[in-house]
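Chain lettering (A, B, C and D) follows the sequence in which the chains are written, and residue indices restart at 1 in each chain.
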């Protein structure tokens, strides 16, 4: 039974080998291999969900094999409720992205090979229970991402790729220092790289001497970890890589970036920063909440000012991930559950938005809502593309948190969670909901209403393939908006355990 | 009667199913599924009527209610229990509201099958209309504020979709955006209020809130320096202001008339806009506890009077009705504010009936003659006798003429307002409430009859213009060739049915509305008896049922009682005498004022012996035509004022961008801020902070800059320095 | 005595040639100085009794690497042989100028200070040990070590060398423009 | 005269000289040359320690590997230099900016 998880982790690599072995000229074979691989992965993740035991907060499907035994480094993977959701999201989004990448023409073989490699590494980050393994996957993940942006991106792609790479790398260096420090402090024993064994506030009383002065070990290294994960989320002062990366990345990569990779940051908080340094996390919660609040408001304001559709959605991601940070900072049942749910829901709704932008981009080859010269980039799309409009509306309203679609419940839970601890912040943060509706609907109004722009007369409505890959996301957004229990039941035990731990500090 | 899932759920689910089917297969169904939508509403109507019958015709007592709950989702872990419960809460008010909503919605659906026939948006219209109806019914039935909020937002979405249904019109986009965003301002506050209540009380079910008020759980609780009760009451009322289009947030409702007329009738006249009144009534004990009723009354009075004045000069028939809706909503809010719980709710019902009918009549006219500017109409009485009859009945009702429903409900509100303003020992400044209320009542009579006279009386002015020579339906009703209206089950029978219910005795139980000539005999004044402000003490340890269980409580006989606006029928009220006096004065005064209004309208538009407003007070008319410059104030003034200040500050780096938006009035004042933050993000944080060559203020900049310089040797130097410093600090 | 003489000459040759390589402004001369320095190191290996390493040093470096370098210098068309004056784009001279040397020397100072600190510690830890002048042949033992204990590294380095060979050939292969 | 310290000092001098070459020269071949010196300094240290401290031959083996890898490295490096020269017509290190921005 534990084998499923290993299969999910390594199947994309097998698929990648398959892609590499396929002759370069057989582009359709390459696409089919990728599609089949991602599809099987998705089916396996559904199977994983079915077999998942929701009653326990323990790790399930655990595999532990010694890897570098001198340093007690193990190939140690397993999942709990939080990871389960991310696994499903990752498997689903990669399947959809494969379909949406059908039209990629440039160097097809390398593209799909890198895509599969990315999938495996992202799974690796989520599954790893060994710190060293985690770090390896965390860094290796940058590699396919760097090339996917740097080769298949837009006109300014190298800049965006390098920026993305350096930002993340900068953060992960601090994380590495933290990992090494933990290794030494925990006695270099058998569990020094074991994330689970390090959890539970074991370092509350440790101190560290730097330049002759004594500091709390927890505080110092919590902030080191914080930096590594906050850049990935991204939280306010570290967010500037995101718009560049999103604007330059190809559609599928944007989807993955917004849908899964950003969640790795908040996942890091949930799995590593909070449980290992609970005291410091609890002390830092106000700062995290304020940064989350700034992300929410600031991201929304910035999004409002954008004329580029993708940039607008990128900033909206900053805003939405700010809600996740707020929920994490709350450290209450409602807030934490809301944050994890928001991670999933943002994954689906933002993926929808980016895919829709991609669909339109394939027709128009520009993304201007308003062109730099002040004329409308689109206009009257609702008349011309009815199917597209319908699906766009679902994604749009899921993003802005309409009850009945998925975004609302998570945002409401987050507000409930933070209210008691940060009342003032709650009062300000609701403005984020207002602004969220404002920029999204304003964009919608400028693009879809009005007379049909002569440019868009020749556009065709979504074809069967495009509709097909949007349907799973639509179902997710609607069904989980009405019945969130399938998601909440899976994660609540794990989240509850974390909340219980944090509530002691 | 037993209540189970089987006979409550269909009320909500039937329209939902119609929505789902129409959304996916509407195009393939005959007539794009409009019959399905109508049928589904009819099913809701049948089930609602059954509940109404049970509750109203003597089966249950005033304080009876059904409360069934189920768990929506559950976040409990270990000893930490936290569940989100949803449920159905049906009391007398719910039963009345259910009947009204499903009944009016059914008639409007029926009318729409005629009105929207051959319209290009036929299918889409009949997709959203059942969804809206289900959301409204769901909102009415829900037992807690959270569920209410969910349905509230879904209604907002339907409203957004229906206002913007003609996507080709740029103005439709603007109007829908404006409607959604303006109501959203209220909504986020409503959500905030709900969150605050939830986290302090542990539940947002109405019964739990009532119980908490009774148990004094609010005492000593504060939110950011304000007492919890005031804060939450204010938040919830702000939500109500957005949805019910009260004074500062009223700007969206007139624009909302961009949508198809039947949609306006259902959403923006009869039901959705009364949701704000509904939640204010449901949370009335909280409003009293939070001591904001005076604020509610003032807001209502300003809206009631202000909107009535604007309605006087409108020439578009739908605009007149839109402003009259605003004004009537103001009366309902006054009713809430002055403690006239029963009458405010009655006005919700009576207004829904006559305003729906008015809008449908307007729709009938517009669809027949393809003209909605009143100066171009006139003399339609001969061509459209049925519509004329229905519209006249409703006009009499809204104007407050005795024997009609509007008189009954509005007069009671005004009577209570009179008592509230002059006799209850409140702050003397609050006398403004009854004064504005009565003035508004006079104006209502005036502008409604102005509309009637201009539309149906006088000479036919249709010949004076080219009335849409080509029309895409292939109809030929234009110019002088308007065909005589026939009795049609879909066009005017719904109007006539609604018109029947504009008579006052249905609601008052007596012909005059003052309990003098009784019609219903023993069950006289059922409305007064059954609807009263919730008595919070009764909800401590209230019974609650799970979905599956059946109702086992002992039914009590209907208890008779006299109407008494503040203490219900609990006992002799020392102020009862004063209140009665106020009501008598109010009734007489409102009859006189209404008659005066009708008379002036008659003299002005039929006899033409008084000069019209526009020539008499040209300056003031101009102000009214511009709606007191609210739109201009929000859009132009705020933006431009804010903009100029920012421009001076920001022009040194980017003048062109801001200039462009100064002219464009579509955005809010936030635009300036957005631009500023965009600039801040791009230039300061990103360019200077990360890429900039500026002084290395912090290490982060420095490191990135050095790495990006590409000079490998500098890299080496850094490496060596770092290693060396490591060795020196570690002290090997 | 012979050993000490060898050590002295080798050390002088090593250090002197290295400094010469650093100081001269001609890349050709620099390469030749490198040759001297590497030969000196081979001598130093000999004084340490590392006969096999010394021979490998001479064969690989003197016979291979330096020659390769000279080839590279010649193949790059003789440009940048000597210190250029300020040229287009305002680049620093190829063989360094006073600024680059200043930076280099400053860094060197840091390294020297750091290392002196380390070396003093090392010397304290391992006080001067008199080693007899017995120099048994190491070839046999090294052979055993390479194929027994270090066999994996040995094989890997062979693969590496092969890869480097092929890679270098592919990279340096002139490609047709177009 | 002949002790561990003297070898270490020679090795240090070699290392520093190599570093100065790396840092102060802009000619890629010269930089590679500096790297060779640094590597040799390291190899010399290994052999010296092997003789004076550990008394086994692991240091020798290690320096042999260093020699092998240095050879491979210089082969690749010089190949890149040649290729670079074919493209850029110069071997000035500051011209190698293709990856920037």
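Keep in mind that, in the parts below, a contact is a pair of C-beta atoms (placed from the backbone, for glycine too) under 8 Å apart; a residue touches a chain by one contact, two chains touch by 3 or more.
In this text, all values refer to a predicted model and were calculated from it rather than measured experimentally.
Colleague: Any chance you could check whether B-C or A-B wins on number of contacting C-beta pairs?
Modeller: Higher C-beta contact count between the two pairs: A-B.
Colleague: Relative to subunit A, which chain's C-alpha centre is the most remote?
Modeller: Relative to subunit A, the chain whose C-alpha centre sits farthest away is C.
Colleague: As a quick test, compute the distance in whole Å between the mean CA positions of subunit B and subunit C.
Modeller: Once rounded, the distance between the two centres reads 85 Å.
Colleague: With chain centres defined as C-alpha means, what is the inter-centre distance between subunit A and subunit B in Å?
Modeller: Roughly 38 Å separates the two chain centres.
Colleague: As a quick test, compute the distance in whole Å between the mean CA positions of subunit B and subunit D.
Modeller: Taking the mean C-alpha position of each chain, the two centres sit 80 Å apart.
Colleague: When the C-alpha atoms of subunit C and subunit D are each averaged to a single point, how far apart are the two points in Å?
Modeller: Going by mean C-alpha positions, subunit C sits 5 Å from subunit D.
Colleague: Hey, what residues on subunit C touch two or more of the other chains?
Modeller: 100, 103, 107, 111
Colleague: Return the residues of subunit B touching two or more other chains; collapse runs of consecutive numbers into ranges.
Modeller: Within subunit B, the residues that touch at least two other chains are 708, 713, 716-717, 720.
Colleague: Among the residues of subunit A, which are close enough to touch at least two other chains?
Modeller: In subunit A, the residues touching two or more other chains are 162.
Colleague: Provide the residue numbers of subunit C that touch subunit D in the complex, in ascending order.
Modeller: Touch list, subunit C to subunit D: 3-4, 7-8, 11, 14-15, 18-19, 21-22, 27, 30-31, 34, 37-38, 41, 44-45, 47-50, 52-53, 56-57, 60-61, 64-65, 68-69, 71-73, 75-77, 79-80, 89, 91-96, 100-101, 103-105, 107-108, 111-112, 115-116, 119, 122-123, 126, 128-129, 131, 138, 141-142, 145-146, 150, 153, 157, 160-161, 163-165, 167-169, 171-172, 174-175.
Colleague: Considering only the defined contacts, which subunit B positions touch subunit D in the complex?
Modeller: 708-713, 716-717, 720
Colleague: Residues of subunit D touching subunit C in their complex?
Modeller: Contacts found on subunit D: 1-10, 12-27, 29-30, 32-33, 36-37, 40, 43-44, 47-48, 50-53, 57-58, 60-61, 63-65, 67-76, 78-83, 85-86, 89-92, 94-95.
Colleague: Across the complex, what residues on subunit B touch subunit A?
Modeller: 72-78, 80, 82, 146, 149-154, 157, 160, 164, 167-170, 172-174, 176-177, 180-181, 184-185, 188-189, 191-192, 195-196, 198-199, 223-224, 660, 667-668, 670-671, 673-675, 677-678, 681, 685-686, 689-690, 700, 703-704, 707-708, 729
Colleague: Using the touch rule from the top, collect the residues of subunit D that touch subunit B in their complex.
Modeller: 19, 22-23, 93-94, 96-97, 99-101
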